[in-house]
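Some structures to go through are shown next.
Two complexes are shown next, each including subunit A; its partner changes from subunit B in the first to subunit C in the second.
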Partner chain A sequence: MSTPIPPHSAPPVLEVEELRTSLGSRRGRGNVVDGVSFSLSAGETLGIVGESGSGKTMLGMSLLRLLPRAAQIVSGSIRLDGRDIVGCTVAEMRDIRGAEIALIPQDPMVSLDPLFRVGTQIAETLRAHKPVAAGQAMSEAVELLRRVNIPDPELRAQAYPFEMSGGMRQRVVGAIGIACTPKVLIADEPTTALDVTVQAQYLALLQRLQRETGVALIVITHDFGVVAQICDRVAVMYAGRIVEQAEVGRLFDAPAHPYSRALIEASAAMANEGGGRRFPSIPGEPPPLFGRGEGCAFAPRCAFARDRCRREAPPQTSAGPAGHAVRCFYPLEGDAR
Partner chain B sequence: MTTASPTRPLLELKGLGRHLTLARAPFSREATRTVSILDNVNLAIAENETVGLVGESGSGKTTTARIILRLDSPSSGQVLFSGEDVGRLDGRALKSYRRNVQPVFQDPYSSLNPRLSVATIVGEPLFVSGEFAKAERRARVLQALNAVGLQADALGRYPHEFSGGQRQRIAIARALTLQPRLLILDEPVSALDISIRAQVMNLLDELQQRMRMSYLLISHDLDLVVRVADRVEVMYLGTIVESGPTRSIAKERRHPYTRALFDSKLPAHPRERRAIAPIEGELASPLNRPRGCPFHPRCAMATERCRVEAPPLRADAAGHATACHMVEI
Partner chain C sequence: MGSFILRRLAYAILSLALLSVTIFFFVRVTGDPAALLAGADASAEQIERLRQEFGLDRSIPVQLVSFLFDLVRGDLGRSLFYNIPVSELIMARLPATLTICAATFALSVAVGVPTGIWTAINPDGWLDRAARAIAMFGMALPSFWAGLILILVFSVNLNWLPAGSGRGFSSVILPAVALSGYFIASNFRITRSAMLDVLNTEFITLTRAKGLAERRIILMHALRSSLIPIVTLSGINLALLINSSVAVETVFGWPGIGTLLFDSIAMRDFPMAQGIVVVIGVFIILCNFVIDVLYAYIDPRIRLAA
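Our next item is the complex of A and B:
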């Protein structure tokens, strides 16, 4: 295990407090991000894990202020290097996005423009934030391609996205992400579009880029393998809330929330070659966005739920060592395995 | 590949090949090219057995499934079902084959028609077979829904009203209505969340035990395949590079590609973190298929011989076969 960075060893570059984002539709209105708080220091990697519908992508989009029309941030703050960007105007955000907080989107097949050469697309990002001439931007783009391990970068800068393999396209969007050396980089499901052997290569690349630039990395994923491989800290999301936050080794060894524990057990069981044919599963399904009840959102699926869990939502409390926090009235103790 | 099994397999692929002829570009002087998608694939599935087919995207897994389902036809080789050549079936015999071999696809969001009710979706195979009266169809649909853990109130509802896991249950119910002997499961859980994956895999296991079906489980997820399959076939660029009993494959990992697949698995715990990526490069395009062994450009052990001569798939006495010059049998 690489040395984890202890919480608050450096001043945080990103501080999110009580963030609430609501989404409206004909069927009603609900909080897709519901009172989320965390902070992140330079050089640190935070994993945000959750299943589909948990709000992890909406949280990422809230941080970038790239929410769809139907969704708005209703309360809370996002301090990027001390400045609250919740109140920033559209024009201010355009300067901040890409330069100070950047995104590596999920599917490079969709996020790259099929009509432009990849070198041009990288240069475009550079020129949007820096007063550089076209020729200069292009040679910087070639340099970025070299840094993300694209062979023959001069030649490849002239290629169109369709001429590249999936793994190469993923590295191109990585290059766009780090182009303006942002302070915070959000990687949304960095491995789902990739094959197994290429996943390992890409995660190794992300780690190297982080070491070189000192960027604070947020990895949004549903895969505990990704968390185990590259994250220092983890936040587990369920129904819009962070139900548990901890240093990565601590979360795997002693998860305090019944949901985190069930998820870790379910994914460990999938990876266990000698485990027989039955898989431990979590009964039921995640709650719908509209009409979530008063109590803990996980209570209907929780084996340990009592009456209080169904009536009140549990506040965040400390679960042992510094930096380990949980939202559960009856947190688990002891080792998961 | 020769297995020691004395009984005839339920399904057998013999020397299966699939080539595509590429259209010539307008005004081009180049001759038309043929591209090989599958090359000499041999595979057997016994009664009540689960065979796992693993490989990365572009390896030919889905093409194999499409040929078995007769959604595509092979350029060479045969598909045998209970010893009969599937390519020659027509009329009633083909209908009966289709009843015995049913698919479950990866994405339950696109494999269920959003305009049809669950009753119509699940009842469609029965309707198409033309052998069941309305009342019987309804009874069988209900039975299939119950088998996958859904109730009668699902009948009048539409796919959008269900979650991903429930939709995959509906797709499985549809495959079950005709009481098939073989299910082709093409990435059946990769579109689902972790907590739901386990539910669906457990359901498939229960159904197999109860209905004595055979499964062809196609997946890129090595963990999953190793966990549930009796035999594993590892595919690379349209050829099978390693094949054998699951335990033996998981333990010995003879082919360098199989080893790379196992080594590329993400860690289950942060203390098992890897310092470097275990293998470089990506699967080549079938358009520029490497000469010799298809894996040699990425293989650390490759020699001159691997660059010119494709290794044949050779089996040992236990039925564990490997296509690699460097492996002694």
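Our next item is the complex of A and C:
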């Protein structure tokens, strides 16, 4: 296991403040990321948890400034080592992406170009950011494959993606992620495409790479198992907002937001029953993107909601120990289990 | 790669053999060629003489073998109308057709593919809207009509370009433009839609997340994946091109293989028509062979899995 890094021991490499990303369509505009703030230090791992549609992937894409055409950042700041990248030009972002902030994509089966050798796909990342010759880049690519535990890396560098298994491709995209030793690495659902035995191996690999490089890791997931295994802190997203963030242990022991608590209970029940008869769920549905009301987005599904929750949106408040913050007028107290 | 090419070459040769045998029987099942050649008012004696002259009095297997041997030697028989070897006539006419087809093909790729790439990168821009509207028009435009209009405007009224053949490069321009409407439009459409599909894939997102230069993303990664449908279409288009060149050759008075085929059918010059069909068949089989090799070159999955 990794040596625990005390929070905020170093100045944060990434500070996100009041980030708002809106998405337009024929039906209107809505904020897929709605006033998100958090910060992250070197070597720290933050889990971003939420249902699909909660805006967690959109948050990741906003941090990389790789949003689809219909979406854009409307306000807020993303400070990477003190520099606000929201104002960066296209060319500046190209230099930053892959070099300072990198992505490990969701599905390794479709994230590699099928027509290029994996060695080439790693080497081109290096060559995009460093003045290295093709041959030098290729031997660095082989080294990277070795670091992500690919057997026979010299041989494998010459292979095409279709000649590799899913677990191996996942490690290749991991190698691409760390190729230029970025400061921040975003892993989008790093394990969903893998089967369970490979999942644990891959998470261990991510942890080892983090220890070696000191990268700040953002893990976007819907799986509390992943959070428990590798994250230091966790942010729970609902309807584009971070409704609660805390140390992982603290969140599991004493979730303050009714939504966090419902999520944890649902995933605990699922783990206990092992996919049994009753599928645990939170009643109701996430709110639509367009035409969200004034109040707390979770209020319609919340067992504890009162009139005030439906009238106004709760601000972020402290919920006990340092670093535990929640957006709820009536935070829960005590043990979830 | 080497064994792949050899295997494809074997297929091409097999296709050629099948084509030849098919043509051989096709000519013979449509009736007695000798009777057909001699005409309706020929006497039995005349027909019999023709039959001997063409070796049609021999047994079918013997005829087939000699037909195939002649083919291999490049002997396609003698034209009934011109009374010289068919192969000589075809070789005299083939360059004209190939010139028009090559020019049209080059034009359709040079205009259609870049436009498709550009509009896929900038969808719904003014160029995209204009190109889509023009492409719809180009798809529907009959080439012989386009040819007539082009002659009227650029030859008769403006007197910029020749309306006929034989004046070098300048006489290739109008027929190639007239013929290229459909081919430019289809190349543009397939490139645009293939590029749009590829640009939405996750591996393109990852190339962006890696911070690659946009030029490399578009021209190396996205275009290479789009090449498979573009090459497939090109194969179909080449065959179509040979067939549709007849109309343009007629309009522009080009002494090509299309007009030769047209005339030989009109004059019931059987060996001539048969020879042209063989040559066109060979051309199409060759195109398919080249396309198979291109597939393998572009896509390692085809190269290594085959």
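In this section, the second predicted complex is superposed on the first by the 323 of 337 C-alpha atoms of A that agree within 3 Å, B and C clash if a C-alpha of one lies under 4 Å from a C-alpha of the other, contacts with A are read in each partner's own complex, and residues count from 1 in each chain.
Operating definition for what follows: a contact is a pair of C-beta atoms (placed from the backbone, for glycine too) under 8 Å apart; a residue touches a chain by one contact, two chains touch by 3 or more.
A quick note: this is a predicted structure, and the numbers were derived from the prediction, not measured.
Under the clash rule set out above, the superposition-derived model of subunit A with subunit B and subunit C shows the two partners fitting side by side.
In the superposition on chain A, the chain among subunit B and subunit C reaching more residues of subunit A is B. Of the two partner chains placed around the shared chain by superposition, neither subunit B nor subunit C is touched by A:Val132.
With subunit A as vertex, the superposed Cα centres of subunit B and subunit C define an angle of 70 degrees, given in steps of 10.
Of the two partner chains, subunit C is the only one touched by A:Pro105; subunit B is not. Of the two partner chains placed around the shared chain by superposition, subunit B is the only one that A:Asp223 touches, whereas subunit C remains out of contact. Using the contact criterion defined above for the overlaid structures, shared-chain residue A:Ile176 touches subunit C, although it does not reach subunit B. Contacts of A:Gly167 after superposition on the shared chain: subunit B is touched, whereas subunit C is not. By the document's definition of touching, neither partner reaches A:Cys88: not subunit B, not subunit C. Once the two complexes are laid over each other on the shared chain, residue contacts for A:Gln199 go to subunit B alone; subunit C is not touched. Think of it this way: put the two complexes on top of each other by chain A, and the tightest Cα contact between subunit B and subunit C is 5 Å.
Overlap of the subunit B and subunit C interfaces on subunit A: none, as no residue is touched by both.
Remark: subunit A residues 1-2, 51-52, 165-168, 195-201, 203-204, 222-229, 231, 248-249, 252, 262-263, 266-273, 275-283, 285-286 touch subunit B in the complex.
Per the touch definition, subunit A reaches subunit C in the complex via residues 64, 66, 93-99, 102-103, 105-107, 110-116, 124-125, 128-129, 160, 162-163, 173, 176, 179. Residues 56-57, 163-166, 193-199, 201-202, 205, 220-224, 226-228, 250, 260-261, 264-274, 276-280, 282-283, 285 of subunit B are the ones touching subunit A in the complex. Within the complex, the subunit C residues that touch subunit A are 201-203, 205-214, 216, 221, 224-225, 298-301, 304.
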